[in-house]
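Okay, so chain A shows up in both of these, paired with chain B first and chain C after.
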Partner chain A sequence: MRLRRGVLAALALLATTMGGLAARAAPAPAEIKIGTLYASSGPFASISMPVFDGIKLWVQQVNARGGVYVKPFHKKIPIKLVAYDDQSSTATAATLYNQLITQDHVNLLLSDSGSVLTSVAVPIAKEHKMFLFDVSGTGGTFFTKDNPYIGLMAIPVSTIWPKAISDFLDDVGVKHGIKTVAILYATNDFTGTQASALKGFLEKDGKVKIVYDQGVPTSTSNYTVLINNIAATKPDAVAELGFPGNDIAFLRNLQDSGEKFRFVFTIYGGAEMDEVLKNAGAAAMKDTFSYVPSALYQYKVNFGPTLPQYHAAWEKAYPKGAGVEWGSNAVYGYMTGLVIQRALATTSGMSQLDLHHAVFALSGKLKTLDGPFELNGEGAQVGELTPIGQLQPNAKGGLDLVSVYPPQFAHGKAVFGK
Partner chain B sequence: MRKRTLLPDLALPALVLIAFAIGPYVYSNELMLFNFVMFLALAQGLNIVYGFTGYLPFGYVGFYGAGAYGFALAVMHLHAPPLVALAAGGAAALVLAVVLLPLLRLSGAYFAIASLAAAQAVYEVVSNPALENVTKGPYGVSLSAVFAPRFSYDVGLGVLAFAFLLVVWLRNSRFGLALQAIRDDPVSAGMAGVSVVRGRTIAWLLSALVAGLVGATFAWHISVFYPDTAFDLGVSIFATVFVLFGGATTLTGPLLGVLILYGVYNAIGITVPQYFQFIYGALIVGLVLFLPNGLVSLLTTRGIRVP
Partner chain C sequence: MLIGAIVAGVVFGLYFTLVGLGLNLVFGVMRIVNLAHGDFVMLGGYAAWWLLSAFGIHPLVAAVIVLVVFVALGMPLYYLIVPQLQRARDSEMLSLILFFGLSQMIEAVATIFLGTTERSLPGRVLGIGPIIVLGARLPKPWVFSAAVSAVAVAAVYVYLYRTRLGTLTRAVMVSRDEALATGIDVHRVSAIAFGISLALAGIAGVFAPFMLGSITPDIGVGLNITAFAVIVVGTLGNPLGTVVGGIVYGVSLMLMQTYFSSWANLLPNLLLIAVLLVRPEGLFGRQVRRA
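So, the complex of A and B:
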């Protein structure tokens, strides 16, 4: 009996040793394949292309240094970016995600920007047991306890964003006489969820009353009638939650209408300031409020470049006039690259669950130019912040997005209209 | 009169079905194969109403979307098993087809545009935020509980077989001949004793049923989708172009249209997406100029019968 046990133990030891040898003998791949999609046309091109450009810039920088350090192989390995154009179509995106996994056999899978184009990747990645580096798909249904194959990289889940608006109105707005608010939102996953969350926060606190609440299709391009309807309810504050196209149309129509509200909020007035400024004009944006994106707020970092360093690299890679706009999405793509870089440098293996563990191990520890990186148990991003800023005139006659709330992030004071 | 055998009409679909049944074992991008199966069935469904009655519904995607949402609602609210929900998807498309029956009083471009408007109206209802508790509004549905890509792929093959059989039946039955008579000259057909209204109605319902079943299978296969996806006008456009490219009224025409054009679409989409619109547009312009009756007209104009 003892002999048999001894033989079994010896066999186990042999198997372990051989397993170790086999693992050690596994040759390092010539390249790490990262697969992703981008939308060069269609409704999501404006948020997708800057993300893709940010990823490309990260790949270019890493490869210029000889590749990305991959811990299981103890060496730097060049990255090969495999990317397809989904043209903003979910049907095409679904086929192409499959193509990346089943035909190109990519090592890492990144989703396209935004919830709609990420939505089809979630079940596909789960089915193929492939960890999905979800760049900015914030849909609440993506993150479930039974799916370890997803992690939201660059922006918080939609339900977290509007807490700052609600707190700002309650803490600061009420003191300045803001008592009523109108909420107008585009009915898509990202902004619709934000609108629901904002309503929930405001109703719970009960300090500011909602007097108008209307969802409109994301394709809405004329807000004239809606602005008149809002004006009829005499709100002190107006929160318009839409995509860049919605915000541009809303701000232009608001200026043309001559209606004035004491507080006007848009998401992309700050998040994609350059683009909105170019299309809506400074006069339409003056004194409006928005989230302060990581592209305009310098966080302390413990990994990767600081915001000014990255901005300089971006300007060098994509000079003004090249048709590539600097904005928060430019940070999101690059920041996702940084998470990948750190995860590959610390992972214990190259299996998809190893990558999951490596990414989740960074939670609460990693601080990049996009702010603190923190995932909840289901893979949703909860660490990054959404301070409130106001577009205030600067000395040069332009506009600066001045962070005004919360106090620890404030660089200036909010100015409310009369 | 020489008696015709059904063999050539049945052999072709059988070959296609066998090829797509083996497909996943040879080519692992199952979703791409599924899309082929889906468009093959949709093209045959559209062939039923366009090829045999001459009615071209630009809003054909309305039935497809109704099927997808019929499936989704049955799963979400009734917790129906997928095959029952599939039937619900088909039933939803049939109900919509019955509601839209008055459209058959129109013809030509008027009918095409009216059907498009109807599909858009259904989309607006489904995606209305006020119906979020019922349809999930514009925020999309997630059916991860019934996600079964392989089984749904096989069921998709079953739906394709059903669509093929319907077209084979129409091509070889008195009813199919009656429909073609209606298409060519409804007044003469009516005077010859053909029930024009009954014929068109049955073709319309069968066509809607196929689209509904395809939409339901799509919802099952992909499991996460938005109203924009289920009512994407691109689905209608693709199905229409495939039928016109290959040649309507035949079994082979729509089949060739899907295999060639959707094949080209995927090849371009993966290799040179920047030339997609150009290459696709050139193909269609070439077709309209030189082969207005589709590829099969190369044979049919020479007196060769094409299945």
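So, the complex of A and C:
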């Protein structure tokens, strides 16, 4: 009996050793296939194309240096980017994510930009046991304990962004007489989650009362009547949470309406400042508040280029007028590439769970131009920050996004309207 | 809030009258559905953006330029596409497919050359600040757009009912075969109507950045759905019924935004379904058939 057990143990050891040798002996692939989607048209094109261009720029730079270093093969391997156009359609995206996994057999899977087009990737990646490099899909429901096949790369999960707005209103706004707030949001995973979280934080603290709370379709392009309705509730502060097209229309209509609120907040006034400024104009954006994105705030890095270095590379690759504007999404795509680069350089193998471990091992250690990279146990990004900034006039007659909160990130003081 | 919503709805609806007017004219004259109509609105918007940013041309002047250019483009486009379509057994259905293809092509080419970022015209060129009507604060550009729309409707009325060409056009609208039999140059009349239709779309496009906040190459599809709802409500084939269709749409949208804001984007489809179920011929159905 003892002999039999010994033989079995020896066989098991032999099998393990042979397996390990086989793995080590596996030839390196000619290329690392990275699959992703982009939206060249439709409502999400303006947030998708900068992400895609950022990824392309990273691939181009890595391949110019001979490829990405992949630890299991101890060599640099060129990257092949396999990308399809989902045209902002979740139905098309679902088909194409499946195609990337089952037909193209990509080694790494990246989701398209934003929560809407990521929402369909999450269950597909989980079903195929494929680790999803979630670039900027921040919907809180994407991250669950039973799903190890997702990691949010570039921006914090939606549920924690509005904490900064709530804290700012409670800590600073109340001292300046802000007592009531109106919340108007586009009904999608990204902004809907933020609105819900903001309401939760404000109601918990109880210092600022919500007097208006309405959702509108993401396709909304006129806000005149909504602004009139908000004004009828006499709020001190207004938080409009939408995509770039929503924010542009809202700010233009607000300016045209002649209504004034003491605090006006939009997400993309800061996150895609160039684009919103170009379309809404400086007068419409003056003194409004927004999140300060990594594209406008220089973090200390321990891997990859600094913000000015990357911005210079971006401007060289995509000169102004090329159709895609510099903004936070331009950083998100490139930053995801940096995480992939570090993960491949440290991973113990090429299985999807090996990649999961490699990515999670970077948590708390990696600092890129996008800020500190930190994942919670469910894969949600919790390290990167969303300071509050205000678009204040500069000496050149334009606007600067001045970080005003929290105090450790503040470069100036908030100015409230009368 | 109710009165404000109704006033804003009338003004906003007048703009959508302009968006739908050309689509209805084409259907009335040629019995084809131009699913690329919204894309010509988009092209009008980009034309205004380009004329202002490259040459500093005011949108009102741009509207005149767009009118001339789009009429000039529309007539050869008619001869290229429509006569062949009308020789087909089911030209209405075929037109849906063909113009859908054209719509996709225009959007793709626009995306390639113009990119995906939002473009707009500065609000100051049409005036910033509200115009207060019955307590409702309306943006000046909205009032400008509504006024241009009213002028366009009046011009179409004069064209249809006060000119010889208009009489011929109405004859074709009543019966294409009888018009042919009486010696009317149906193709010439239709080509002019097609050109006018595109010009109306182009002019609507000039004001789109003010009414919609900004434009992108993909706005055509959504505009088509709305325009289609507007003309079905106002009666397919009756260009002047489009005015009522536009106002019904505008007022309904603003009421939805006020009381059921999350559901507002369902409105064009709800209107379409409701009208098709209750009064399929539209609000002015009888008048059309006797036009």
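Methods note: the second predicted complex is superposed on the first by the 402 of 418 C-alpha atoms of A that agree within 3 Å, B and C clash if a C-alpha of one lies under 4 Å from a C-alpha of the other, contacts with A are read in each partner's own complex, and residues count from 1 in each chain.
Convention: a residue touches a chain if its C-beta (ideal position, glycine included) is under 8 Å from a C-beta of that chain, and two chains touch if they have at least 3 such contacts.
Just so you know, these numbers come straight off a predicted model, no measurement behind them.
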Task: Could you tell me whether chain B and chain C fit or clash when both sit on chain A in the superposition?
output: clash
Message: According to the stated criteria, A:Gly206 is in contact with first (chain B), second (chain C), both, or neither; which is it?
response: neither
- request: May I ask you to decide whether A:Asn228 touches chain B, chain C, both, or neither, giving the answer as first, second, both or neither?
  value: second
Task: Name the contact category of A:Gly397: first (chain B only), second (chain C only), both, or neither.
output: neither
- request: Quick one: classify A:Arg252 as touching chain B (first), chain C (second), both or neither.
  value: second
- request: Using the touch definition from the top, say if A:Leu96 reaches chain B (first), chain C (second), both or neither.
  value: first
Message: Under the stated touch criterion, which partner chain does A:Pro319 make contact with: chain B (first), chain C (second), both, or neither?
response: neither
More chain A residues in contact [chain B versus chain C]: C
Message: After the superposition on A, what does A:Pro27 contact: first (chain B), second (chain C), both or neither?
response: neither
- request: Would you check which partner chain A:Gly42 touches, where first means chain B only, second means chain C only, and both and neither mean what they say?
  value: second
Statement: On chain A, the footprints of chain B and chain C overlap at residues 40, 187, 215, 217
Message: Please output the residues of chain C touching chain A within their complex, sorted ascending.
response: 1, 4-5, 8-9, 12, 107-108, 111, 114-120, 122-124, 128-130, 136-142, 211-214, 216-218, 222, 254, 257-258, 261-265
Complex interface listing, chain A residues touching chain C: 39-43, 45-46, 48-49, 88, 187, 214-217, 219-222, 224-226, 228-229, 232, 244-245, 248-250, 252-253, 255-259, 275, 278-281, 283-284, 322-325
- request: Please give the residue numbers of chain B that touch chain A in the complex, ascending.
  value: 28-32, 35, 127, 129, 137-140, 142, 144, 147, 149, 222-226, 228-229, 232, 234-235, 266, 269-270, 273-274, 276
- line: Within their complex, chain A touches chain B through residues 40, 84-85, 87, 89-92, 94-99, 102-103, 116, 119-120, 122-124, 126-127, 139, 141, 144, 187-189, 192-193, 215, 217-218
